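Below you'll find the structures, each written out as structure tokens.
Both of the next two complexes hold chain A, though its partner changes from chain B to chain C.
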Partner chain A sequence: MIIETKVEGANVIATVSGDIDGKTAPQVQSELLAALQAGNRLLVDMNGVSYLSSAGLRMLLLLYRQVASKKGKVVLVSVSEEIRDTMSMTGFINFFTLAETREAGLAALA
Partner chain B sequence: MTTDNAAPGRIDSLEARIDYYPTHEIAGFRLRPGKPFPFGATLVPGGVNFSIFSSHAVSCTLVLFNKGAEEPLAEILFPDSFRIGHVWSIMVFDLDCETIEYGYRMDGPFDPAVGHRFDKSKILLDPYAKAVGGRDVWGKPPNWDNIFPYRGRLVFEDFDWEDDRPLEIPIEDLIIYEMHVRSFTRHTSSGARHPGTFAAMRDKIPYIRELGINCVELMPVYEFDEFENSRRHPDTGEMLYNYWGYSTVNFFAPKAGFAATGRLGMQVDELKTLIKELHQNGIEVILDVVFNHTAEGNERGPTFSFRGIDNKTYYMLTPEGYYYNFSGCGNTLNCNNPIVRSIVIDCLRYWASEYHIDGFRFDLAAILGRDPCGAPLSNPPLLESLAFDPVLGKCKLIAEAWDAGGLYQVGSFPAFGRWAEWNGKYRDDLRCFLKGDAGKVGALSQRIQGSPDLYGWNGRGPTASINFITCHDGFTLYDMFAYNYKHNEANGEHNNDGCNDNESWNCGWEGETDNPGINALRKRLIRNAWAILMVCHGVPMVLMGDEMGRTQYGNNNTYCQDNDLNWLDWGLAAKNADLLRFAQNMIAFRRAHPALRNRYHLSNQDYMGSGYADITWHGERAWSADWSNESRVLAFMLCGRHAKSGTVCDDYIYVAMNSHWETRSFEIPMPAPAGGKWHVAVNTGMPAPEDIFAPGSEPELGDQGHFLVTAYSVVILVARHSGLNTNLVKPEEPGRTKKSKAKRK
Partner chain C sequence: MKSLCLPATLDALEEIGKYIVEAAKNADLDAKAAYGLRLAVDEIATNIITHGYKEAGKIGDVAVSGVLTDSSLTIVLEDTGIPFDPMSHNLPGDDYLSLPLEERPIGGLGIFLVLKGVHAFNYEHVDGRNRNIFVMNRPVGTPE
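After this line comes the complex of A and B, so read on.
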């Protein structure tokens, strides 16, 4: 699991690589929450994520709620088709903003 | 106390309680005595609380597996101090709730003569497991040597329902669509991305809504094993499955193989997402629940759960310790044992609260009224408890009011003011009348009124009657007019299975034919069935595909067929577009007319001072129905002033039914009220599109005094009551949420 975060202006950009499941979700959550000290607009680039488990989805939803409560925004970028499909069938997709590219994601954050 | 944020399976810190910390360590696992309630496996901060009861076991072992592993990860014998009463409970910390599978070993006597069949060599499925692993992908052959075939799994019970809750549509306003989740979209013609799944059904919601359906009744979606008694057909080699699923492995877990995400263990979320979206579209969900038996069979069946946990409690046993078989499936769940009663109630409460289920249809429900020795009870505690349960307070409770042991309770099922019944007499009488049997008009008049002969004597009303002509058991509507006899050879039982009393009529040729006259007659009879079903008081139920002429090629018991015999061919929607249009408009007709949907039985009297009784009876001559034994015609008129017990104003509705082989002229009983005119809503004797007109577009009738009703036809006329406006013909809003209104135009 590799998590890189950086701050670009008002945006927090996170790049996550690896499987997000019950074992890794707590780590992703705590690192992203720490990064969000610097701003409340979060872009998560998931190009390197090939598997997102049920616990992973729930972690993202919790994260989204915490950011939303601070009037912030979360955009998921480069979500694989399979994960997108799973998110759709389980209803999670309704809660998120998804973007194809990082540029589109940044535009959605603005 | 665990404070490690990165502990596996933990995604948030919730340390609010001071007692959620380990006190013991066994087999390398940190744990403490658990909470007896709730039963099952419950996620708690930092761990999982496991709780299970057995009245007769002497010891219990929790067995943990990594997902799919052949050998256990750990076996934790409950310290005796962890038991309170008959309940063992334990809290185990630091488990990854996504990858753990759990079961139990129970030690106790093996003494079948007194009812005990403990076998500690077996690893048992928790009856309260909320998800089950082992049959994650439909039809994937299992490893038969698996020491733990059906595995308890942990689930997140945190689905975000937003503002959804059960719709609470009045039962008399429902139009129920009985369907099988897999059959609905498995056929390639469905175009589904994930055929045969909850997700695919969700994609078809617009079809269900446009048909006018406001309630789907799902054949079993509890975890069952399609491989139970699976075999190859001796002649054709076709694989035969436990396809319908009337054989439960676990009552709390949704069927993983029905979920496209079942292989990811996300079937719970997928099913809930489907239900939420059905609700948003104004469609209720009723589950077909099978509490009469389990998949463990009789003494020769496998031991994977109930039998090994507490055989004597869960099953009805003969004095010699064998299994009573009132279900026809090997064993009988001991429903009026207080413990089993509790699990049934817990289960239904769980589905109502956790899945927002709107109602339940109980398979072979007469069994639920038998005592532990099998004798019918006059006041069955289980049925009473369900009727008065607070969580189930608004749920529809529907009984299949008979069982395989010969107890037939249609009209006499212990209802406690709540229970409705599948009205088997409605089915039989309607079939006989439709095919032109003599001597049926008297019975037909009762069925039209919501069967007051069955449900009037004790004040149950038409809402007690689920009216149906076809259901999953038996012929489809198309086959009812294409076959005189069942053709069940494909089931591999030499055509000995399935019922023989079909009351069907092949119209002159057994099976498919090119004869245009026969095909036209069949389609007319199908329309007649739809027309009469939709104008009867009571709650109509239709079978998936009957709106488009689905055939099972004469097979009336397709319980084992995972193929075209069950799968809905969506190509029929185009092939039989005329039937589909008729069904759609007939449903719209029912929804447009509250006069068809009274909550209470009609009185045959004029209590509104309209000059007409709520229902009046006619025949070829007005005001003079022919009740004689040779009669095959009947007409009736509903007074629009008496709609919904006189609380709303509707059109006058006149229905003439001719099941005779000759055309008959019907005298219309009165001029249309207040200078209005009779209009033709339905005439099944006409070819499409003249067979039915959408509410509001009915053409005016030329001769307002008489109507020629051709052989085997149904005619429906409507007359607007003075002072009415066309607002009345707008279908009622079935849902109540803002979203559902926004989605429906």
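After this line comes the complex of A and C, so read on.
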């Protein structure tokens, strides 16, 4: 699992690579929540994520709550088709902005 | 298919995932079916490791095995953690799924994803062992 975060103004930009499951989700969650101390707009580039279990959905839920409480926004970039299916059937997809590319994601964050 | 027996820790999830990906490939499942199966098995394995063993203060193994026939792929997870029937869980209904994320209780989605991901799911407790059984229908006309 590789997690990189950087802060650009009020934007927190995260790049996550690897499977997000019951083992790795807590680690991703704590790093992204820590990064959110610096801003309320979060972009997560998930190009390197091909698998996300319910532990990953729980992580997205907590990130969403954290950001919503600070009147911010979460944009997910390059979400795989299977993960989008999981987010659709659980109703999660309506709460996140999805973008195909990093550039489109940054534009959606503004 | 050769079965795999692993210490029931979260490190097992990756190995189980690889086993399922391989099994799905051997069964000629398409990408969506393979993903749904992996998700289903992973959700149950996570529950076994976390609730069946760790939170119950138990240690042990989780075994994964697969049986391939002309018409189906059956995956079985076996463990000796506390008896737990995943179907005894209340499934999130439409009420839950339409709640805003702010108001949702955390958890409860795992079993929902299990039932969405496979064609049949069964649980039995036999001789002190939990057996979680996942069945996928194979594509019709699959060459042997």
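By definition in this document, the second predicted complex is superposed on the first by the 110 of 110 C-alpha atoms of A that agree within 3 Å, B and C clash if a C-alpha of one lies under 4 Å from a C-alpha of the other, contacts with A are read in each partner's own complex, and residues count from 1 in each chain.
In this section, a residue touches a chain if its C-beta (ideal position, glycine included) is under 8 Å from a C-beta of that chain, and two chains touch if they have at least 3 such contacts.
Note that the structure is a prediction, hence the values are computed from the model and not measured.
K.L.:
Could you say whether A:19 touches chain B, chain C, both of them, or neither, answering first, second, both or neither?
P.N.:
After superposing on A, A:19 lies in contact with chain C but is clear of chain B.
K.L.:
Which partner chains sit in contact with A:86 here, chain B, chain C, both or neither? Use first/second/both/neither.
P.N.:
both
K.L.:
Should A:59 be classified as contacting the first partner (chain B), the second (chain C), both, or neither?
P.N.:
A:59 sits against chain B, while chain C stays out of touch.
K.L.:
Taking the superposition as given, does A:31 touch the first partner, chain B, the second, chain C, both, or neither?
P.N.:
In the superposition, A:31 contacts neither chain B nor chain C.
K.L.:
For A:95, decide between first (touching chain B), second (touching chain C), both and neither.
P.N.:
The answer is both, since A:95 touches chain B and chain C.
K.L.:
Which of the two partners, first being chain B and second being chain C, lies in contact with A:68: first, second, both, or neither?
P.N.:
In the superposition, A:68 contacts chain C only.
K.L.:
Can you pull the chain A residues that chain B and chain C both touch?
P.N.:
Shared contact residues on chain A: 21-23, 53-55, 58, 61-62, 85-86, 89-92, 95.
K.L.:
Which residues of chain C touch chain A in the complex?
P.N.:
My answer: residues 10-11, 13-14, 17, 31-32, 35, 38-39, 42-43, 46, 49-50, 97-102, 104, 106-107, 109-110, 112-113, 116.
K.L.:
With touch defined as at the start, can you tell me which chain A residues reach chain B in the complex?
P.N.:
By the definition above, chain A touches chain B via 21-23, 25-27, 29-30, 53-55, 58-59, 61-62, 85-86, 88-92, 95.
K.L.:
Please output the residues of chain A touching chain C within their complex, sorted ascending.
P.N.:
19, 21-23, 51, 53-55, 57-58, 61-62, 64-65, 68, 82, 85-86, 89-92, 95
K.L.:
For a test of understanding, state which residues of chain B touch chain A in their complex under the given definition.
P.N.:
These residues of chain B touch chain A: 5-12, 96-99, 156, 158-160, 193-194, 197-199, 202, 259-261, 264-266, 269-270, 272-273, 276.
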